[in-house]
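Dropping the structures in below, format is structure tokens.
Heads up, the next two complexes both have subunit A, just with different partners, subunit B and then subunit C.
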Partner chain A sequence: MKSYDIVIVGGGPAGLAAAVAAKKAGNDSILILERDHELGGILNQCIHNGFGLHTFKEELTGPEYASRFIDQVKELQIDYKLNTMVMDIAADKTVTAMNREDGMFQIPAKAVILAMGCRERPRGALNIPGYRPAGIYSAGTAQRLVNIEGFMPGKEIVILGSGDIGLIMARRMTFEGAKVQCVAELMPYSGGLKRNIVQCLDDYGIPLLLSHTVVDIKGKERVEGVTIAEVDERSKPVPGTEKFYSCDTLMLSTGLIPENELSRSAGVDMNPVTNGPFVNESFETSIEGVFACGNVLHVHDLVDYVSEEAAKAGEHAAAYVKAGREAASAEEIRVKATGGARYTVPTTVSLDRLGDLLTVRFRVGAVYKDAFVSVYLDGERVTHQKKRIIAPGEMEQVILKKEQLTAHTGLKEITVTVETE
Partner chain B sequence: MEKRELTCIGCPMGCLVTVEMENGEILNVTGNTCKIGDTYARKEVTNPTRIVTSTVMIEGSDFTRLPVKTASDIPKSSIFAVMEVINHAHAKAPVKIGDVVIKDVAGTGVDVVATRNIA
Partner chain C sequence: MYDIIIIGAGVTGAAVARELSRYDARICVLEREEDVCCGTSKANSAIVHAGFDAAEGSLMARFNVRGNELMEDLAKDLDIPFRRNGSLVVCIHKEELDGLQELYDRGVKNGVPDLRILSKEELLEMEPNLSDNAEGALYAPTGGIICPFKLNIALAENAFVNGVEFRFNTRAEHLSRDEEGLWHIRTNNGEYVTRYVVNAAGLYADFFHNMVSEKKIHITPRRGDYCILDKETGDLVDKTIFPQPSKMGKGILVAPTIHGNLFVGPTAIDIDDKEGTATTAEGIAQLIEKGGMYVKDLPIRKVITSFAGLRAHEDGHEFILGEVEDAPHFIDCAGIESPGLTSCPAIGEYIGGMLRDKMNLTEKKDWKGTRKDVISTEGLSLEERNKLIRENPAFGTIICRCESVTEGEILDAIHRPLGARSLDGVKRRTRAGMGRCQAGFCSPRVMEILQRELNLPMEEITKTGGKSNMVFYRTKEEGGHTA
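Presenting the complex of A and B:
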């Protein structure tokens, strides 16, 4: 098998944007490996609009957004292989993959970009003893069935979990003539975007039951209904609050987790908070020359941010192939999340490689009103930005100028935190 | 006097905006934190519109469904009439993004167009 400078694992928006950027940065030896039969990743089933507001200043549907990048990959004559599953990435960056035509094959690469996206939390998330009758779907599976195969999973629906996929599916099923009884959410807040709550639930009078969960499923062969109860602060059902909802379908929208089996077996250091790799300012993991971007790094709600990060990963991969790694002139700066901020991407910064700006993205663990996002450089506060609301469902970011960092001689630690005053 | 309550979608704040109306005239908008909420609420109570996305059957390809959308926003009250027409429409491969699948859907004056390329 031919060798490549840069092998990209996954042909979703992250893999595509990384490939385009690496090519534009001057690398001519790039290969994308995608296990599906087409490029575009999860966007192919996200037929709703609302993609690309930041990047293209128009509201595109998922397939339209994907096609803008697929077209570029084709125009730039970047190689890709479909129906190809990557099985292993070795520490020396040999990629092992498999498909029908070539069987099992190995590609030696100089840099690897991880862009495998994420998958839905397994069904086990539904913590109910007893039968598992037919009619229980994860929201993402239901989305694929309806939007790609044209198959309606049911007529009367209850959705557990208020992540974006569940919200989008509530509207989609309503459009297709189904009755969505309610969306139940265990937490006292929704994990989805406000826009989706209004346009997918409120528009159609679908109730959102916060601090509620499914405690019982009725039906042996097929779901006939579910019992939903309120939960207390410790997520325990409150006796006496049970209510029965008739339905033939229960959809689970209980969140996404990065798909990192490959990264783990390659020996990449993982962040237990995001379930994604730790990366530096160049989106490089703990293994030199192995980069990560998109949902495999941390779960995104906006594809624009995915494309932006991935483009940087692509540029840095191309630069790495060209120049290799020079010894750093100074120690790496650590980036830390505290006081409400749950994690940051990146977690380390090398001033040698940093461009003009450092974008730090993070999420919070609870809803904050009238709070401040603050950044400290070794204990000195340099950012104190007032926000009317900060919610777990929306990714936050702070942008620092390189001069700010270099001006602070001997800088060791950047801290991102949420403060109430 | 009629009161309508809406959630502004301008930003994650999600202000609860109250619009007071009489005989279709807006008297007062309250609860919004900024101008965006005012503009949004006025449009929502007088002329709410949405883009509708769905799929239609497609023949002559390995794919069974072609994703489509209304080329621009349509009145919210026409959504289900539009869906009814979309549910009975067919397309034939090959199709390109932007190709018109249904002209002037349900009398809205808006076309339904393809949102992916299918060879």
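Presenting the complex of A and C:
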């Protein structure tokens, strides 16, 4: 097996953008390992539009967005292997992978970029009682069946969870002639983007039932219906509010979980809030030379952010291979989320390695109206930005200039918080 | 015309079928579902019990201890995973410590070897994650864990290879005996005639028994809910942790599975519906509460799935084994609840021996009691993998990423004797779909493999037979494939 400087685990939007950026930064020895039979990852089944408004200033479908990067990968002659599963990443960055043609093989990489994406939370993890018939699909699985395989997984649908894939699938199934009864959401707010609620539910008259959940599944062989009940503020079903919905399919869009099994076994330190690795400003994990980007790092709403973060990871991986890790001259600055902000990416910053700007991305834990996103540098408030609405379903960001940080002598901690005044 | 018909391809029916396959006889197993292992056998604790719990002198005690003895060699012969991890009955109330001695004494009388009572210190040294409330335990090193699917499937497959016929999707509906003493079994797929009937119908064993006998029996479905936790929690405990038993059974256990998950369960709720395998919110809540009493910080948020199984609880809480007095040539295997899984090799041995003697059966010369399981690539070295992939490249393609199941394993599961025909069939033979994503990623791919290998339209691929179809029709009309 040929050896490579940079091995990228995953050929979805994150892996592709990282590869292109690493190549443009001067590294000629890059290999992308992709488990599916084509590059592009989950974008291939996202045939709706709305991708690329930030990156390309135009509205693309998922496959179109992916193809822009795939074309670059091919033009830049970056190597990739399809139908190839990475089985293990060792702490010394030896990547073990497998496919039909090469068998199982090992590549001792100088840098590894984790770009494995995420998976959907299954029914079992939700403890929904009832039978276990056919017809219970996670929204992404249903999306693959409809958009890639070309089969209808159901005709009469109830969707639990208002994540973006669920909202998109409500519209898709309607287009394909199915009847979508409703979308039930456990929380008092949606987990998806506002624009998706408007364009995928409201436009088709599909009701969104906030603070509702499925409390029973009927049907022994195939789903015959579900019972939905209202929940109280502790998310417990309220007796007497149960309502039966006849349906042949229950679709779940109840959260995405970064797929970090490989990262964990490599020994990468994980953030329990995001279920993704802790990274510094260079998207480098706790293991030197191992970088992470895309949904394996934290779950995104917009692929544009994925591409942007992944490109930085790719650049830094190339720099790392070239020069080794630049020792930070000063102590690393901690980035902390408090008061409504649940986490930040990154969690540490070294001013030596930082470019001109520091983008800190985060999510909130509840809906805030007319609140402020504030940034403190060691207790001194430097940002106080009013926002009409801040919701858990939409990733937020603050951008700080490097000068701001260097001007603050001896800076130890950057705090991101949401304030009501 | 058959010599013996066995009703039910659960673990009892399959164990009896395998024992009888030693002899020259025409034997058929009738199964209403599309596969073996579709009822109680697929949804239980998967424990090979030591045998201290069953009442002294009972059939349950006798067959449990004998089944436990036989299981190790059987698992080797059938190439299925089995581990004597040991069982602990943990006492969390000082005033109930006497109960452990009582169990110990009963176990000794039942013939359970190597029982020991552990002090709190010994116990916590053995299982440091047990609750601080643990006061002591009965330790039974012969207790074990097994894969119930593989046991059932392997028994049936071995019986099949040795000449036993299997009829799936065939539901026995009515039994009658003609003037020559032959049994006529009416099914949804025609009538079967046989000299002997073995009633291994699980929850429905009372239905068939009562059809032929005036001495009625009554089986109550006793539901047990279970939660399965992610493999990252699988080493929380090493032994099977039992509470002290009550009249409703052995209580809610916390234990590792043979494949490295952790499970909590079962509840014990008597219901009326023999098909009532739906879990309930109350049941799951009870698991979380009770399981948490015995181990520290039960990581219940790591649940990947929950399910319910039904125990075939006969009113007398005892196995009913043997020829029915007023129904000649009708052999009951009824009331097979826990320790039924453990006992199945012994029940097979007993019923097999009984019919051999009654029917003067002679042994086949070419009987083969061993088989190889679906090749598992788990834990293979790089060289071993590559050897396998060179021989068959399908072993280089991972289909189920959570459980690392290759296409080669799935093809084997489909094409072997009594092979898989549904997603659940593949799952029980290979574990594809049993992992933390619960088939989210692999189900479209397994569906594609099934339809290709079985040459069926996608619309006919089911989760578990019957009307459990996965998709309804193609999108658009023509050329549904967009990629």
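General remarks:
Just so we're on the same page, the second predicted complex is superposed on the first by the 417 of 421 C-alpha atoms of A that agree within 3 Å, B and C clash if a C-alpha of one lies under 4 Å from a C-alpha of the other, contacts with A are read in each partner's own complex, and residues count from 1 in each chain.
The working rule: contacts are C-beta pairs under 8 Å (C-beta built on N, C-alpha and C of every residue); 3 or more make two chains touch, one makes a residue touch a chain.
Please read all numbers here as calculations on a predicted model, not as lab measurements.
In the superposed model, A:Leu351 lies in contact with neither subunit B nor subunit C.
When the shared chain is aligned, no partner comes close enough to touch A:Ala25: not subunit B, not subunit C. Shared-chain residue A:Val273: touches no atom of subunit B or subunit C. Applying the stated contact rule after C-alpha superposition, one finds that A:Ile148 touches each of subunit B and subunit C. In the superposition on chain A, A:Leu302 makes contact with neither subunit B nor subunit C. In the superposition on chain A, A:Leu53 contacts neither subunit B nor subunit C.
Look at A:Ala319: by the touch rule set out above, it reaches neither subunit B nor subunit C.
Once the two structures are overlaid, the count of subunit A residues touched is higher for C than for its counterpart among subunit B and subunit C. Touch criterion not met for A:Ala90: it reaches neither subunit B nor subunit C.
On subunit A, the surface touched by subunit B in one complex and the surface touched by subunit C in the other have residues 44, 47, 146-150, 176 in common. On the side of subunit A, the complex with subunit B involves touching residues 44, 47-49, 59, 61, 63-64, 67, 146-150, 175-177, 193-195, 197-199, 202-203, 388-389, 391, 393-394.
Of all residues in subunit A, those touching subunit C in their complex are 35, 38, 44, 47, 83, 85, 87, 96, 98-104, 106, 119-120, 122-125, 127, 129-134, 138, 140-141, 144-155, 176, 215-217, 220-222, 237, 248. Across the complex, subunit B meets subunit A through its residues 6-7, 9, 11-14, 33, 50-55, 57, 63-65, 67, 69, 76, 79, 83, 87, 97, 115-117.
Across the complex, subunit A is touched by residues 227-228, 275, 277-281, 283-284, 303-307, 382, 385-386, 389-390, 393-394, 396-398, 401, 404, 436-441, 443-444, 448, 458-459, 462-476, 479-483 of subunit C.
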